[in-house]
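What follows is chain A paired twice: with chain B in the first complex and chain C in the second.
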Partner chain A sequence: MQPESAMTPGLEVTVLVSVGRHPLTGRARRADQDARGVELARSLANAQVRLLHAGMRDESSEAALRGYLGMGFTELSLLEQPEGADVLPALAEALDAMSPHLVIAGERAERGEGSGLLPYLLAERLGWPLVSGLAAVESVEEGMATLLQALPRGQRRRLKVRLPVIVTVDDAAPAPRQSAYGPARRGAFETAAGPVSDDEQWAAWQVQPARQRPKRLKIVKAASARDRFKAAAAKAEGGSGQVLTDVTPTQGAEAILTLLREEDVLR
Partner chain B sequence: MSDLPRRDPRQEWIARNRLHPRHAEVLLATGQGAASEWWGPGGLVRRNPHAVGFVGPNGVKRIDRSGTQQGAGGGGATTPAAERKPLVEIEAPAFMVAVVPDMAGGRLSGHDRDLLGLARQLADADPAARGAVVAVVFGPHKEANFGEAGIDRLLHLDSPEVAGYAPEARLGALIMAEESWVPRHWLLPDSKLDGGELGRRLAARLGERPATGVWQAEADAEVATGWHCTARGAAGSLDIRRPLPRLALALAECAEPVSETRHAAAELALPQPLPSTLSRIQDLGQVSVDPSGVALSEAEFILSAGNGVKDWPGFHHAAEVLGATEGASRVAVDDGFMARDRQVGATGTWVTARVYVAVGISGAIQHLQGIQTCDKVVAINMDPGCDMIKRADLAVIGDSTQILEALVTLVAQAREEKRDAA
Partner chain C sequence: MLDILLPILLFAALAVAALGAWRRVRLWRRGRASQVSVFRGLIAMPRRYLVDLHHVVARDKVMANTHVATAGGFVAALGLAIVVHGLGLAEGVLGWLLLAASATMFAGSLFVVRRRRNPPARLSKGPWMRLPKSLMAFSLGIFVVTLPAVGVLPADAGGWLVALVLAAVVAWGLAELVVGMTWGGPMKHAFAGALHLAFHRRPERFSDTQHGGSPPTGLKALDLDDAEAPLGVGQPSDFTWNQLLGFDACVQCGRCEAVCPAFAAGQPLNPKKLIQDMVVGMAGGSDAQYAGSPYPSPERGDQPVGEHQGSPHGPIVAPASTKDGKALVDAETLWSCTTCRACVEECPMMIEHVDAIVDMRRHLTLEEGATPGKGAEVIDNLIATDNPGGFDPGGRLNWAADLELPLMADVERAEVLLWLGDGVFDMRNQRTLRALVKVLRAADVDFAVLGNEERDSGDVARRLGDEATFQSLARRNIATLSQYRFDCVVTCDPHSFHVLKNEYGAFYPEGQEAGYPVWHHSTFINQLIEAGRLRLAPGQAARVTYHDPCYLGRYNGEYEAPRAVLQALGVELVEMQRSGYRSRCCGGGGGAPVTDIPGKQRIPDMRMGDVRETQAEQVVVGCPQCTAMFEGVVPPAGDEEVAVKDIAEMVAAALDTTPAATSSAPRDTSTAQATEEVMS
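The block that comes next holds the complex of A and B.
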């Protein structure tokens, strides 16, 4: 998607990236929504995009992070944190120091608690506005960004917000480009140490692989045994639709139009 | 007329007396045509076996013992089911449980009702000191039965500041509610936009660490809050068991909705008017989306074409005028009239539309599987015996070309009139 108007020169964008988890194999990968966020940042004209990650550095996470470097970056800022640490103070400090115009993040992490709270906490701490569920950035002009927010059922809402702003990316944002192997190999990590705070609560909780949720039973609350029996023996669907035969096309169309109006789908 | 039953002793006496010349007449008049038993004057139940049953279509006498005829002559005032539920009023609640339902489409959704069920469990855990469930509702709504969903107090905020997408103003209102009543629990639906976003904002503002994706809560005396919860984490791949915090974002089906009691749903008001905050996010309103660009799987309104469509330009024109997303059956795709990504059904896309209009589609089983979750199905077809007609909520038998033309004309007319009026 090409932005229509000229951007402010040197729009500074920071994308918060995380290590994802493949839903089937459980292997580390670039997180889907974060990759969409990187793609969104890449589509902005005249923007200087930086990647920022806070977390542990080991073999598998490095391989996953190189997936972002392969989207056309030479370096990635890495705030080293021990496993199970709360990355909020380190990220807040780093963002405060960088003071970008636009911070892009995914909605929630694919590992750990994955509560989706981090962007909100960052926005609260930095005092910046936050817009969630973004589908596109339409334009950035004179310190104001025009954004498209994704609503359910493919609908969109246009919002205008003053920079600096933190945005989170919806699944409706454009799909990320493929990660190129060469640039991913050549890219460098710019490591920095940040403040470390332990997450004691997380350590105290019981964590186990998700088990299937029990299916809700259809409980029939009936006063008499006869009603209960009827509910148990009833067929799933009666199929009692209205059938109009031998009507003129106009009458048929009127009936359809009434239904469409009742359901409020005509605009 | 009052609903009080009026007795006529003379009529009752005639109805009891089988030898009375007006006996049959009075039985008919009182609606007890099949009065097969009655209380005799001596206090005994008298039965007339000849009056039992009815004559079936083949001329054979049938006796229906399923009980359908029991209530026929009842005549007593019937109370609606809603009023038979006991009304629970909590005058002096020990604490408050605040719920912010999503109110998608202006009504309580299933998700909201489940959440209110959970709130009820939290509020009623200790029968000696019961809490009250407060619902905070933003903007205009169409819901009439807040009480039946288990709401004791209703805080309805309908000022222009909180209308539309105004997360900051809504957060301000919730903070005022927090300061006024200090609820013991805050419960919000963990939905995509409304509840999920507002709940996280509230958590960040209050400095509480919320539980997100909660799908189960159970009482546990060993925990400080008295409740344990199980929440989904890491994109739904982990179960986290933890004490229930003050603020929880819960998934759908986290608890059974309230069904046995009615509650007062008394109106509540904030002690002060909402502060006028300067919103940093400006809502420019919904963007008109090109319906053909909407993914078929999430389109709201689909006009789908099958083998019966002969006039393809007319069909495309109708979809454009109605503002519907186009779909197709497999035959239409195979014949090259529609693109492959427009195919609806088990072998194409499973759609979730609210309204699905099937034009000239007879309804192969694969196609019907694909439209299982659609709310309303309209069929336009020549063949009155096809499977799509059986599935449809409204079926019009006739030539699809003419019906679509008429529909387009009607919609265009209605738009014209609206424009003239405006």
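The block that comes next holds the complex of A and C.
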């Protein structure tokens, strides 16, 4: 795909890409985290990047997948699956056959089940390590990858992992590049039929839009713009929380129950 | 001796010029094909020169007369010289006519000399500095060698030495004015310019063609169904041949440079240099020979020439993968343009700078995915939510919750379809829209809105080069518009106005066409006033100035209606120095606020400086972009803030509120001061 990788057997990277869903309009699009994963892969030196999607192919999903091609790819491998199929066996088989060094995925899908479990199940099935919430891949040398994991509040943790590895991408990873119309239109789908396993449980499920969670409002009575700014910029105050250490599971559970009752989550 | 030398010189010059012309034509033909009617263009060329081109040139009276004398004298002198000296037919009046022509040309060339003594910064120097001398050489030389032909001097006056000197002077003149015309000298503009007029890519610009009164300024559509056609212009040979011809016609007068807002703001754009760079790309080479003002550079003051080079099949903008690499122009140059069309309006050679810039932007966006700044985000928003801000498309009418606007989906037909534009999401523009609704209701206009069925018109996507998203928005908007019946569309956004009026026509399905006029709200309000449907209570004793929005004025030629409305309001209107077709851009067009290319100062700051010079209390605008740009300007310390008012707000404030007329006017709630805010 990239000319320089033709000379040296570089790092083989497979990015799992899914059909995303815009949070406001619900339109199919390239999923944000998956696109960040593609961007991460593109930034690796001497990497041979391959895009892999398992799912149904129709007009709207094709348009969304072309969004990834528009990031500068000539083809995308597509494992065609009927709607509602469990894509895990097909992906596992395909990855096993390709045996890439690095598999990059988003944290969770923007549509469908969206449980975020797929990378873990894949890692379990392939017997590979998994690193979640990646902000960057710092280097890959002699079968070892140095990864930067994103932690809350901008903290980072550096990890060294032996390849092959599955990583998932955090929102802290670099924003994806623009998807260009020309390459997106020209890119080709390399279709392969994978094993199909129906997800019987999923078929029985009833899907409905999630109810929006109530948000705690911060009422600011401010007389001046300066006060409003201070209130907006203020760090969220903790204080009322408590850290329990060395307690029995029962004590811990009771503490949680008490909190839920205080917050009116349980009545 | 001269009767032997002169014919040889003349015909040799013509032959060499013909060879040069053939080579020049081959350069242009490196461009892509473009349909022109060759015969009709050539027939129309003199009229286009004398009427349309001269209309632009005549804005500078001295220069226009200079050019008439010099160019007219030259054409006549050359033609007559071929007859008199080339063919030896000096009998009768011909010789005297030649004397008169060369004398006229000499008189003109004296004015050219005067102008070149202290040339303004916008003029190119270099070879252009020798042009007045060459003009004098040609006119004087021809004049003197013609004197013996009419019998004023004896045929052998002065002997062979004088004859040789005269022949050398004439040869110099011929070399510059005839040979140089096709071999790339300053006189190239005459040869390329004449053909450019004949084969212009927009023949509808000229007065010999029919275009229904409005200047044709809509961008040309990309054919996205043809997978082979290039998406925009990535290399000079992707331009059509007549665009290349147009670039070659540039006379480097720098009028574009003088009016370009980006150049004045110190952003790295100079329209003249850009056109010269395209010529460099077409012929291949580096820009080291360029002798005019370079591109400004915020860091270095000026971009030095000689750093950039190109070739017909090389990239115009260096691809992102070659990070510090330079090609023909830098991407920032192309993204600095606000598409205000001031350069096109001023160009005496009728060059279409904005078309070329958008063509190159199309390549950068559609092929390279390299829209700078927030451009990519805006385009993604347009694709996902049909508005550039990424707002919920279901909330387009939230601002009007209390106004009970009639929806087209309910009423299906109305006198006026009120196109609200993306200003519905902007709190400032919502005030304008409320005022406009109030005015329409006061005039009892039967109007309706599309509400959530409306989408962004696609203007910003198109100017950012994303033709695919523009066409998708246009087609869907057209499908929506086609469902309803209305007499006209009214909008308070000149960008939507321009796109709906001039650019949607190309996207109607076959067999359908846009069968409705589109009005800017200032035009429509003026019609209401003229028809006596609006009762105004004049008496606002304000001193105001009016800013012409580019997309209303230069793009659509509407300068009168807003001024007529202001006159009806009885306010005192003072004009800025640059108003009307010379109005200076607010900096808000062409996606410029989105791409946000740094410069030395901001374009809206300069324009508000123009406003302050008039000492007006208010500046009246007719465009949400202009309003936003001007309201973002911080006044200099100690200066009073100048109020920015949309023309609809001015009219709404002047409505006659005597009981007879006020039954349906809605309450204006925009003044309520929010003291308590809810933050999440």
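Just so it is clear, the second predicted complex is superposed on the first by the 203 of 267 C-alpha atoms of A that agree within 3 Å, B and C clash if a C-alpha of one lies under 4 Å from a C-alpha of the other, contacts with A are read in each partner's own complex, and residues count from 1 in each chain.
Everything below uses one rule, namely that contacts are C-beta pairs under 8 Å (C-beta built on N, C-alpha and C of every residue); 3 or more make two chains touch, one makes a residue touch a chain.
Keep in mind that this is a model prediction, so the values were computed, not measured.
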(message) Tell me the contact category for A:Val220 with respect to chain B and chain C: first, second, both or neither.
(response) second
(message) Under the stated touch criterion, which partner chain does A:Ala45 make contact with: chain B (first), chain C (second), both, or neither?
(response) neither
(request) Could you tell me if A:Ala123 is touching chain B, chain C, both of them or neither one (first, second, both, neither)? (result) first
(message) Looking at A:Ala232, would you say it contacts chain B, chain C, both, or neither? Reply first, second, both or neither.
(response) second
(request) Examine A:Arg157 and indicate which partner it touches, taking first as chain B and second as chain C; both and neither are also allowed. (result) first
(message) Between chain B and chain C, whom does A:Met98 touch in the aligned arrangement: first, second, both, or neither?
(response) neither
(message) Contacts for A:Ala193 in the overlay, against chain B (first) and chain C (second): which applies, first, second, both or neither?
(response) neither
(message) So in the superposed three-chain picture, is A:Gly182 touching just chain B, just chain C, both, or none of them (first/second/both/neither)?
(response) second
(request) Of the two partners chain B and chain C, indicate the one touching more residues belonging to chain A. (result) B
(request) Return the residues of chain A at which the contacts from chain B and from chain C coincide. (result) 219, 221
(request) Would you tell me which residues of chain B are touching chain A in their complex? (result) 66-67, 165, 168, 192-193, 196-197, 200-201, 203-205, 209-210, 212-213, 215, 232-242, 253, 256, 259-260, 280-289, 293-295, 298-301, 322-324, 354-355, 357, 375-378, 380, 384, 389-399, 402-407, 409-411, 414
(request) Give every residue of chain A touching chain B within the complex, in rising order. (result) 21, 23, 26, 108-117, 120-121, 123-124, 129-133, 146, 148-149, 151-162, 201, 204-211, 213, 216, 219, 221, 226, 239, 241-247, 249-250, 252-257, 259-260, 263, 265-267
(request) Name, in rising order, each residue of chain C that touches chain A in their complex. (result) 227, 231, 365-371, 375-376, 379-380, 383-386, 390-393, 466, 468, 675-680
(request) Note which residues of chain A are touching chain C in the complex, please. (result) 22, 24-25, 27, 29, 70-72, 177-183, 185-186, 215, 217-223, 228, 231-232
